[in-house]
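Mind looking over this structure? Questions follow.
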């Protein structure tokens, strides 16, 4: 079975470590992720804020490409790209006339039937069943699993049952030997696309998240979204200035956590690319 | 609902019937940026219900519609399951098309524009291009001045953009859609 | 020769607004066999009925069709009018021009044409109607009341006081229902138990009431006047005659950590238990699920300590068959568990509780003896947030309807809290204050003005814990929708009132209708609020829709009076719309060939055998025979009969066939 | 079949029965039904592969009943009909003597209807492949074509009612086709009347038909009406499990299961 | 040519669907005029011969509707009816009588919306199928004969 892979723009740039760690663990598990050919940007927040048609046609082009390559499944690790692709699939399956318009623009055959997986769904399906053999050095620390908005909402489209208190990442972290804490900010917004344009909002929203996680004893925040990661990690100065104190809790991708538990080196997991230093041996 | 009403157009485009809103305010209560908004989500819904032209104008001119992060919290908790983010998408597109973007939101909109410019150019987002384009258009030349070198040192910034191959097919998607506004 | 009269009603403008009633009357007048046809503003009114009666007399009508509302509404009215004019009531039929025509279509030619079609169809039917005569059946003057809350208690006492026998069945070990769990009641703030317990005792002592607790309806057969109810008496594991209610067993039982249902999980009980001190009957039952002896085969402490030797471990459920003439359903309501609203944190945070739990905290007989202490650490909360509509008026995750009682009890809760914790602060997030009732609005005003309860118009989006406080994120929609954040010590959710989980199954056992929320349906929303569609079965209290205590008590008395009316005569007449097996002259006697497929399909065992004998007494034929006392007139047998030997009066083969032909053939 | 003759004669001799219903030699290669009331007439009884008529049809006929208690020669299809008649209260065990014949043409005694049922469990109704194939082919036609096929087939029916007369389960005193209050089906033979008659006949046999093919064998025009009942037997099997008469099981249509399939109901 | 207006006859039980259709009226929910109701005490009473008669009399479509399983006012009339429908439907299908022209449904006394939906969707289905000319041809034989 071929598993299609849509990295999205962030994974080729600011969140390289997410890409590196995902490919590393897939390789460890013996799974081949095939990057779809000539993919384009999903349009992200900008497209749906300014232009509805672009917000549908940009993701649709990628779905059509994946279909043409006869992929059964398409893994989309970036939560933002995942959300746009799924929203597009949903919108176009609900509205046939809209699908016609978009299909004409694409000039590609487009059935709109591919199964799109986010990183957690991918891990649950393909990696978790093999974890028992692959975990070499369990991560025995308290972690706060942070899901953000885009993986869980809108719940009817994302098919998330526990959208206020999701557990899938927690379950995976448990399997890695970590202790996921119960905390109320799992799905609060980090400030998303305002990283550059309204950095002070990111400082406030992400600051509340970092404060609650730290206050509840977490030693690391685990994420599955490049936007969440850059806001919580790269924007730490803005967070510190909002909270008026220096926070040193590291922020890692779930794929990095798995890579480390599998015994890969921090460099293989891309840890060196973080702004906030990562030290996961705190409560060992 | 009069055909001229903004609420009618909202319903046509998004399927959301604003009349179903009974003003419980749960959307606003859970909004991460509710405090900062000039018109909060439930207020915008109420104004849409009014069918009052001045209110409709006020909505399109508001800062709120651009502050919305599309985190979908409001929609996920709305007792009437009203897709407020979708309504906001519509309002944003309209506000932008009619040149009514609130001045306080200009940096947000500039960022979105820079983003789409960068995507239109290469097919994929080149973050360096985005940042430079944004800096030029927003005038915030010195923002994050130390960030870029640090990102570069961590291997997070590429100097040269990637291009997609099917430039013609891709350009078709942008045709007659998003217009570059040299403002 | 048919001489049919057709009467088309305008129903004010309800019909005439979309149907050209004059044209309908005119078209009807031209039908063969129609001798008189007219239209009138209100056929059901006194002048309208007089018009029908006069027309019958003056024109010698032998059939009547009234084109008006649904026959489910006024069929008895018009049949009675016909009877008063000397026409057999079953010679009158109704064409449903309102619910099935004028109300569901816009004004148009097609709508009028449909009305004409419907009238013509019924005219053709009525031509084949035959005079029928009501069937007299004896009435068993015993009432079955299901549910021992305030509704069942009130209905039982009223019926019993009128001199009739009552069997009151309650599924729990004690009567009392939700009312016994309440602290004080709005708007008077009198103690719930103080007003209820005397009634409970009265039930226990009334000579005409037979109380069966820990029992449920298993089966209900028969019909009005003559039901046969099967009651399952669940094994209490106690000999009730020997038990003197001393309570030794409940104090000695070693299994003490079972969450008490009565205290909504805020207190504990033992495995052998009396739900609450004022219980009626005040005798314990053993909860087999939690009893060590039943679960592990060891213990029997209760048996050892019982001074009267009343423990019976080998007791089994018992099925009791009862003959009753009427049934009152008073099964009450339930509280929706707010776990469907994860954003409120119920189930996650101990100090987020439901309104019913708050009642127990505020009740003098409750786990905190009436002191408001929060469940997590027993501290007195300094700040309480009440969330109204936490489930009601929420089509997405709760119920779309208004639960009616929450506005008032939430005001009461806040008030009780302010009375008990003077320095405390209380906030109520609400959408509307629905305080329609005697002294209700005044009560709410008092809470706001005198007790300084802070009402905030807006809903809560999220409740979460930070630094030992419950952070409530709400909004004040009256201040330009300003977000409000309150650091509370306790949060009380006014969760929705919903139908009992067993309501649907119970309705199906009794063949009464229920709505999409599983509340029982009344026969008519306005004029028959205590009747069900099944004659002889009545409704009392919140099993029909959420209700407060005064409303429940009035409806219970209403249901009781319906039962008393039914019991006021020794016999009642039933519609003769029943099945009949045909008869023909010898040597055929009947076209029935006696295959008895009808009998095996009959849900009422109403079909038996009849032996036809010759003069010498020799059996020459065995045919089916319908017992008119048992037949309910469903007609399933009719559709089964291959030789069309069984037919149903009022819906006969000829009539139905004529209707089909008439409906499909217009000029 | 000397054993059969001996047995029949003994029954008449001992006056255990007054008539023996069986097969006899007819003209040419055909067989005919024999109603033997005298011991001597038993000599004419035969049984071989040509004896396919369903004799059970006589058990409910008034004229035959008048002859007194019968013994009936009953190969498997007749046994099935007898059992179904028993289920429908048309005969009782004391009413008749059954001269059962197995598929191997051996005589077999039945003490009771229950014994017949036990015997039949090893002789279940099976629809031959040639029929299932034809039925499948018809069902595969587009709906309008299928309708046209049947209208054409039924065109030749002239309502002689031979199908009804041959069917052991058509024992009504008055057939609904003859009922004129209301006129369910018009008497004259025309396309609508023919269609309605055959639909009604098939529906009346729904869940009852024992697949003896007597109707088809009796039809002078050779209309394949047995395909209708066979198709319904398949429907019974598909929807309700098993088919075939059973004493403790009620008729398919006068019984039900709360979870009967209902995918077509909205 | 005017648009084809299907003639649809509805056989409904008194306790559930008739009451449900009453509720549609009380709730003022609009639906197409093409469907006209005949009231039966119970779906158990609905004789397949009447459905047949309807086609013979020119119906383009038929709705048969009663109480949901377990909700029958008479306990089990609908269960018996359901078995009969299953057999009847199979037979009609075998005969090439278009089973899409008969809509079976359960509509309770509380389902006013559902009734309107059933009516409208059936009208649409029949509109798409067009007039039942095949059956009409067969049924029209008598008329033709009478006219000659």
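Chains: A, B, C, D and E, in written order; residue numbering restarts at 1 for each.
One rule holds in what follows: a residue touches a chain if its C-beta (ideal position, glycine included) is under 8 Å from a C-beta of that chain, and two chains touch if they have at least 3 such contacts.
Just so it is clear, the model here is predicted, and its values are computed rather than measured.
Student: Walk from chain B over to chain E along touching chains and report the minimum step count.
Tutor: Minimum step count, chain B to chain E: 2.
Student: Could you leave chain C out and let me know how the rest splits into touching groups, if at all?
Tutor: If we ignore chain C, what remains breaks up, so that the groups are A, B | D, E.
Student: Please identify each chain that touches chain A as well as chain D.
Tutor: C
Student: When contacts are scored as defined above, which chain pair ends up with more C-beta pairs, B-C or A-C?
Tutor: Pair with more contacting C-beta pairs, B-C versus A-C: B-C.
Student: Would you identify the chain whose Cα-based centre sits farthest away from the centre of chain B?
Tutor: Farthest from chain B by mean C-alpha position: D.
Student: Can you compute the centre-to-centre distance for chain A and chain E, using the mean CA position of each chain? Integer Å is fine.
Tutor: Chain centres of chain A and chain E, defined by C-alpha means, are spaced 53 Å apart.
Student: Using mean CA coordinates as chain centres, what's the gap between chain D and chain E in Å?
Tutor: 33
Student: What's the distance between the Cα centroids of chain A and chain B, rounded to whole Å?
Tutor: 21
Student: List, in ascending order, every residue of chain D touching at least 2 other chains.
Tutor: Within chain D, residues 176, 184, 253-255 contact more than one other chain.
Student: In chain C, which residues are in touch with two or more of the other chains?
Tutor: Only 343, 462, 601, 640, 653, 657 qualify.
Student: Got the chain E residues that touch at least 2 other chains?
Tutor: 48, 53, 70, 76, 80, 84, in rising order.
Student: Show me, using the given definition of touch, all chain pairs that touch one another.
Tutor: Result for touching pairs of chains: A-B, A-C, B-C, C-D, C-E, D-E.
Student: Would you mind writing out the residues of chain D in touch with chain E in their complex?
Tutor: Residues of chain D touching chain E: 135, 138-139, 141, 143-151, 176, 184, 186, 190-192, 195-196, 199-200, 202-203, 206-207, 227-228, 231-232, 235-236, 239-240, 252-258, 260-262, 264-266.
Student: Chain A touches which residues of chain B in the complex?
Tutor: My answer: residues 13, 32-33, 36, 66-67, 69-73, 75-76, 83, 85, 89-90, 92-93, 96, 107-113, 115-116, 119, 123-127, 131, 134, 138, 143-144, 147, 150-151, 154-158, 162, 164-166, 169-170, 172-174, 177-178.
Student: Within the complex, which stretch of chain C touches chain B?
Tutor: Touching chain B from chain C are residues 343, 389, 393-398, 431, 457-462, 473-477, 480-484.
Student: Would you tell me which residues of chain E are touching chain D in their complex?
Tutor: Against chain D, chain E makes touches at 48-49, 52-53, 56, 69-70, 76, 79-80, 82-99, 103-106, 118, 134-135, 138-139, 141-142, 145.
Student: Which residues, counting only chain B, touch chain C once they are in their complex?
Tutor: Touch list, chain B to chain C: 22-31, 34-35, 40-43, 73, 77-81.
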